[in-house]
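One structure is given here, and the rest of the page talks about it.
Chain nomenclature is as follows: A, B, C and D, assigned in order of appearance, with residue numbering initiated at 1 for each chain independently.
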Amino acid sequence: MKTNQRKLIAVIGGSQCSPKEARLAEEVGRELARQGAILVCGGLSGVMEAACKGASSEGGITIGILPGESRRAANQYVQIPIVTGIGWARNLAVVKSAQAVIAVDGNYGTLSEIAHALQSGIPVIGLNTWSLVRNDQQDNSIIPAQSPKEAVDKALNSATK
Amino acid sequence: MKTNQRKLIAVIGGSQCSPKEARLAEEVGRELARQGAILVCGGLSGVMEAACKGASSEGGITIGILPGESRRAANQYVQIPIVTGIGWARNLAVVKSAQAVIAVDGNYGTLSEIAHALQSGIPVIGLNTWSLVRNDQQDNSIIPAQSPKEAVDKALNSATK
Amino acid sequence: MKTNQRKLIAVIGGSQCSPKEARLAEEVGRELARQGAILVCGGLSGVMEAACKGASSEGGITIGILPGESRRAANQYVQIPIVTGIGWARNLAVVKSAQAVIAVDGNYGTLSEIAHALQSGIPVIGLNTWSLVRNDQQDNSIIPAQSPKEAVDKALNSATK
Amino acid sequence: MKTNQRKLIAVIGGSQCSPKEARLAEEVGRELARQGAILVCGGLSGVMEAACKGASSEGGITIGILPGESRRAANQYVQIPIVTGIGWARNLAVVKSAQAVIAVDGNYGTLSEIAHALQSGIPVIGLNTWSLVRNDQQDNSIIPAQSPKEAVDKALNSATK
């Protein structure tokens, strides 16, 4: 498959995560690579590293959009490091570059990415992540998934053009 | 009071809002000015404009941190327009410039600002706004307020140095 | 003069500077305040601090648009710190927020600000600063000044609306 | 060659350019691909498009770091579009992601990229581009090249780790 025909899918989540979350993220990465998608993430540790590891193990392409000033901050499974120098504002670039976003757990940084994605009309698939309640009403914009395979399938099916 | 001894408090919320929300935001702005705080916001319409209007009516200083390329996008009550040219990444500058944040209602843009503030350790006071549930557990980081006066009091009391 | 009728003028230059440059920058700050302009700068040391010191000594308003995550990085003469968290990308916000820019000496960071200002159609006044040669042809876009007073006069006269 | 062992080299220049400049940029792109480098650029038209066209014609990988909100703004030869949404602040990401920068002609936007690269210690190779004079002294930081081949050789030889 030509590079420019592959879908870009973001995997977002905490830079620290439990072994269970790491397994989920790694399997998400593997499945994305198997289905020919390019993985984009924030390039650091935790969920990001696990997802890159999984994608790499299946021969996939991994892009890490880094907050700081140096490509050396990227985890070892990032093949293409993008160095932004704009700090947490790089969260926007992670989700805006993607045609769909898969959130695995995550803290406030991940929540900001979910919010930026939804604001931009980019589908968000959730695996054990945030739920949203606005002014006492449930907001169902995050598409739930029960497994990495289901998350990847839903991401690829809902991906924007 | 000297300018550099005044607290900077952000008011965040939608660029479109109901008359009820506008009244809340305007009263928040008025109360901030009465208590000597400088109002910082995203500089556009809706909740931002109502808050600036309220603060201006009490002689307060208003700062609008704008997403686009032109100072003319600021609402008429912004006294000091900051033109960032960085789009929605300016949301981070709005909350990081503040010592506390008051959220009035709001959509996904506001949610991203709440998330960035909490990530940065900046207190968030909520008036009819988002609630957060992380992995099925309630997150109580947003400090609730029942009135504009209560929101401003809590913001000033919790403000970072 | 009302705050919102005052012109915003940026002073840019190195975070390290010689005593001679500091004197020039301080006098630029003083003259801006005397003429009722608001000073905007990058908020750090060197030329920025000297300009803020001068403006403050004449009762002017000073705004520092900071690259990092903390308001404490601002020099002591910054009255209104704007915390962007976007690193050197804040250079764009410094010049785009201004209606004219005065460059005092400066290194590559200052050169980037001059370039962003010229790209945005914002007048740049130069005091002992960069000259530009494009493809072997002199580029005369930087308006030269021989003294702080002349720089401020030219900045206020050329300021965009 | 593995993706993560390839060097990332930026090509910068105007979004409008003459046929002669387009030929230079296209040949730079071709030579980068022949030598196994990944091309990173601003993703738009002019010099950027010509360089991507050249790299693609030799089977190279092309990355376009876009200023706006949509991947559709990328030129047709961009294989991996990065959508930043941060406007001209993306200029920093273009140069910071690169291990060396080749400037082909260019206007003020290109000048800002040259300045940001030099500020970050990233080598800049110039083909018919800006010259710098600081406070009446020539600044020789831009490494001149007389041909696309020479520019690519110098970029790869001077590339940071």
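Annotations
The rule is short, and it goes like this: a residue touches a chain if its C-beta (ideal position, glycine included) is under 8 Å from a C-beta of that chain, and two chains touch if they have at least 3 such contacts.
On a predicted model such as this, the values are computed, not experimentally measured, just so you know.
In terms of the stated touch criterion, the partners common to chain A and chain B are C, D, listed by label. Its C-alpha atoms superposed on chain C, chain B is turned by 180 degrees; the angle is given in steps of 5.
One finds 29 Å separating the Cα centroids of chain C and chain D.
Look at where the CA atoms of chain B average out and do the same for chain D: the two points lie 40 Å apart. Multi-chain contact residues of chain C (touching two or more other chains): 69, 85-89, 92.
Of all residues in chain B, only 69, 85-89 touch chain D in the complex they form. Taken in their complex, chain A has these residues touching chain D: 2-4, 8, 38, 40, 61, 63, 65, 69, 71, 78-86, 89, 92-93, 96-97, 120. The residues of chain D lying in touch with chain C in their complex are 86-89, 92, 105, 107-109, 111-112, 114-116, 118-119, 128-136.
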